[in-house]
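Paired with chain B in one complex and with chain C in the other, chain A is shared by the two complexes that follow.
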Partner chain A sequence: MNFDFSKNHFELLGITPAYQIDLIRLEQTYRDIQSQVHPDKFAHLNDAERRLSMQWSTQANEAYQTLRHPLNRARYLLHLNGFELHEETNTAMSPAFLMQQMEWREAIGEARAAKDTSELEHLSSKLRADVQAQQQQLAGLLDSDKDFEKAAQVVRELKFMEKLREEINYALEALEA
Partner chain B sequence: MALLQIAEPGMSAAPHQHRLAVGIDLGTTNSLVATVRSGMSVVLHDETGRALLPSVVRYHADGSTDVGYSAQAMQSSDPHNTIVSAKRFMGRGLHDLNDVGSMPYQFVDAPGMVQLKTVAGVKSPVEASAEILKVLRDRAESALGGELVGAVITVPAYFDDAQRQATKDAARLAGLNVLRLLNEPTAAAVAYGLDNAAEGVYAVYDLGGGTFDISILRLSKGVFEVLATNGDSALGGDDFDHRVYCWILEQAKLSAMKPQDARLLLTRAREAKEDLTLRPEVRINAVLGTGEIVDLTLTSEIFTHITASLVSKTLVPTKKALRDANLEPEDVKGVVMVGGATRMPQIQHAVGQFFRQEPLNNLDPDRVVALGAAIQANVLAGNRSDDDWLLLDVIPLSLGLETMGGLVEKVIPRNSTIPVARAQEFTTYKDGQTAMSIHVVQGERELVSDCRSLAKFELRGIPPMVAGGARIRVTFQVDADGLLSVSAREKSNGVEASIVVKPSYGLGDEEITQMLRTSQENAKADMAARALREQQVEAGRLIEAIEAALSENGDSLLNAAERAEIDEGMAALRLAMKDPNHQLIKAQIEKLNQISEVFAARRMDQGVKKAMTGHKLEEWEA
Partner chain C sequence: MSYSTKVLDHYENPRNVGTFGKEDEGVATGMVGAPACGDVMKLQIKVNKDGVIEDAKFKTYGCGSAIASSSLVTEWVKGKTLDEALTIKNTQIAEELALPPVKIHCSVLAEDAIKAAVADYKARHGEMQGEMVETAACKG
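The block that comes next holds the complex of A and B.
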């Protein structure tokens, strides 16, 4: 088989590796590739081709989902540059950040206990603003400064913030059910 | 051969025969079959001109069956042997069903899926569904005058793996080649979107007889992208009937009832529900077997009141889907209503209020799913290559693995675009450990006991090592039907052991073969003829496809020796096609497939390259 599954996600989707990318172009190339390889185009063909198409289509989805989401894209860029995050084991965070996290958790917990939907929604938009600021910083660190060490730290922080977002959503869902 | 998508614009592939394909909406209450004829998607009727086939199967002592209206007519007088709403039992165990008491069946608890005792023996919901599909297949083949190349069968978007697998098994049992399991709301979106040249974000609110789905889709430039889906696979029009039924019992002060009477009152309840769509109140009359007389008046006000909690139950998944799609109700450009149950005024009202707009009702809610499925079947069968579209669908429920303490580790989150694969590495926790058990579950909850168990298997033969020494990579693959397969591989010491596991709810190949054999014993000659015909059609298709591919880029992608090998393979297959032995044809087809694999791979590679480089820079900057 002359398929090159070793192509990295940026190569597959024809995008120059960077944190700040043209999302419209990314989406367009992804769609063009899917319209070539998607299993729906091979449904009437034999097993081997259907399998091949599934593998390619899976690969295109994986590449697209990785590059589309800022946090995944940052992780992937770090990986390509030889920086592994070891997120499960490396949890050393600055005391100031951890303090902030505790305050967030308390606020979410209180709003949840008080069944205060509008407070939860307020926290959600506040968090979104914080995340955006972090992402901006990340863009500078990855694309101009090439400070991968520092970028890895910001990515770890963003992961914590993503957990907070999930928690807020869980709380909102629980109140709606 | 890959020929459809890679053709140059204006360079159409060799003209070929129209391949007969259908879309089937296998519904809880009614089923339909549709096909594309002269470019139009049309529902196929029975000989008396009826489009709907009630999803009712009645078994006789001799094993024969009635399906549809004739079976429905007997559901009150022969309730044990007349299976209604079999779809509710697909891929479900007895403990999954919450209203067993009010159903007139003799259930048999079986591992994986509940079964029903009838005069013709114990029947599984898969077999009952296959009976419905067979009737629709026959209807299609006689209307179209030939054998079907394949079918698209629709399933509720919120069906889990076990329910999907059961549906696919039923289709195989009915002798159908499943081109794709297609989510019902997605099928409806195709029919609606193509009809109205729709662009933007749409919601499809699909309340069927027994299932509820909500899908949020983005339609743009021929791409139907499902952003999020949610639902309740045990909520539908049937539940509204049941509320009316309970109200009748309460009002008429009835208690324990014979199955015949229960069935009669359920029918009256359903009729009342339907009548209330048009009128403010209805009378409910029935004479029970005991001589008791029921005579009640149900107003739409009472009806709305007793079903209010069901209506609001549909809004919970609707909110979740919007949140998963990161959207607000006002971001939705239109709400497409699907399923007969959406005719109820209180549903229309509630949906309109939630989305702050009038729902779209311009397509028949009973037919739109089958019509969309037929359009997709036509494409999947390879009947058209121009003016194409792409469906990007998602997996409705997260897939995960059991970890220590009965907790779930999510591996593939819900709403991931399919096909999708994810790998996870595991290690041993004891010195010398040689086996590891892996438990795959589906659902959103944190505890394994709250999720659906899909498969449990043991990985044996791990080389004994110190704890943490072995590295086992487990890969989940979800295909375009939304079906899961799991493979595991041990990679330390250079030893690779790989296994593939299908979820345990599906029927094994042997069981299907056995069922096929029993059901078709007296049609053996017929089967042989059919098998031969199928292989001949398949062979013709393959040759035609390869020829088209060769004329397109055989010269540029193959060297002389490779070309000669393919030519020889085609000649051998042409020869085999004249032989009455279908096995021989099959063997030659496989051989030719194998020979042409490299060619297919190069063509696909070229297609991908073209997709990547096809855009000039100025296009992006424009």
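The block that comes next holds the complex of A and C.
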């Protein structure tokens, strides 16, 4: 086994760096690696070799977890291209977008207070459509246009939409309980 | 993770929740959001003729720390001039509320909400364009 710890997540899993990737192949490669470095197979190795293969397994796992989630994959791609999201400190979203977020939150809050499950489900499917459209835009920005600045903005927006999805799910769970 | 007493106090009895009328004289609005947690915060200030913030209101969708941070700054900005309000730093907010490291971004959000509201006021009143550009650049 050849351990090269300088490989990035895409290289490690043999995937061309892109937002749109072959998820089946990703999983296949990941499973291949994990089966090669499974602790059971290394009973005969010395401590140093065992430690290396464990580190390799951990690295492969991190790579797989990062690449299989669309938002994490986008964030990682941006990172490789020198763009960071600064999610903790960059609070300058467009006022129109933030206004929309406020309206979404209000609509979810009202539907929840009114115990209006069908309204929540309506909001949920509307959000799903919005997220899909955003993801499509993101694919174009990252894979075709290479407009990383704009892509970073779309990823930030998607983070808010992820939060909306959580809020809708909490509300639905609370009403079902 | 447990919230500090001060966070709980502001969370349970938030000060100055609400919205001013859009056409109210001297009202300016700052809207900010943190991608880390998807929280959104709206801070409004009401500025009198002497350039002093005489009232403030907020509306925040977020965790307890975000609500407490915005509630606290509505209290802090009252009676301050715009420039004095701009000196409020997130570290002061975090310290006052004893925010844990994972919640520091909530205090950043509150500081940036003040900056955004002041920038909005100055934009509406056509003052100090230079400073506005600087504020916008800080967030980039």
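Assume the second predicted complex is superposed on the first by the 156 of 177 C-alpha atoms of A that agree within 3 Å, B and C clash if a C-alpha of one lies under 4 Å from a C-alpha of the other, contacts with A are read in each partner's own complex, and residues count from 1 in each chain.
To be clear about the criterion, contacts are C-beta pairs under 8 Å (C-beta built on N, C-alpha and C of every residue); 3 or more make two chains touch, one makes a residue touch a chain.
Fair warning: this is a prediction, and the values are worked out from it, not measured in the lab.
Within the superposed three-chain model, A:Arg68 lies out of touch with both chain B and chain C [touch as defined at top].
Of the two partner chains placed around the shared chain by superposition, chain C is the only one that A:Pro95 touches, whereas chain B remains out of contact. Within the superposed three-chain arrangement, the count of touched residues of chain A is higher for B, of the candidates chain B and chain C. Touch criterion not met for A:Lys150: it reaches neither chain B nor chain C. Within the superposed three-chain model, A:Ala48 lies in touch with chain B and out of touch with chain C [touch as defined at top].
When the two structures are aligned on the shared chain, A:Gln34 is found in touch with chain B, with no touch to chain C.
Applying the stated contact rule after C-alpha superposition, one finds that A:Lys159 touches chain C and leaves chain B untouched. In the superposition on chain A, none of the residues of chain A is touched both by chain B in one structure and by chain C in the other. Partner chain A is touched in their complex by these residues of chain B: 1-2, 4-6, 19, 149-150, 179-180, 223, 316, 319-320, 323, 376, 379-382, 388, 390-392, 416-421, 477, 479-480, 541-542, 545, 589, 593-594, 597-598, 600-602, 604-605, 607-608, 610-615, 620.
By the touch criterion stated above, chain A contacts chain C in their complex at residues 85, 87-93, 95, 97-99, 101-102, 105, 155-156, 159-164, 166. Against chain B, the residues of chain A that register as touching in their complex are 1-4, 12-14, 22, 24-25, 28-29, 31-49, 52-54, 56-58, 61-62, 64-65, 169, 172-173, 176-177. Of all residues in chain C, those touching chain A in their complex are 31-40, 42, 59, 61, 104-105, 108-109, 112-113, 116, 136, 139-140.
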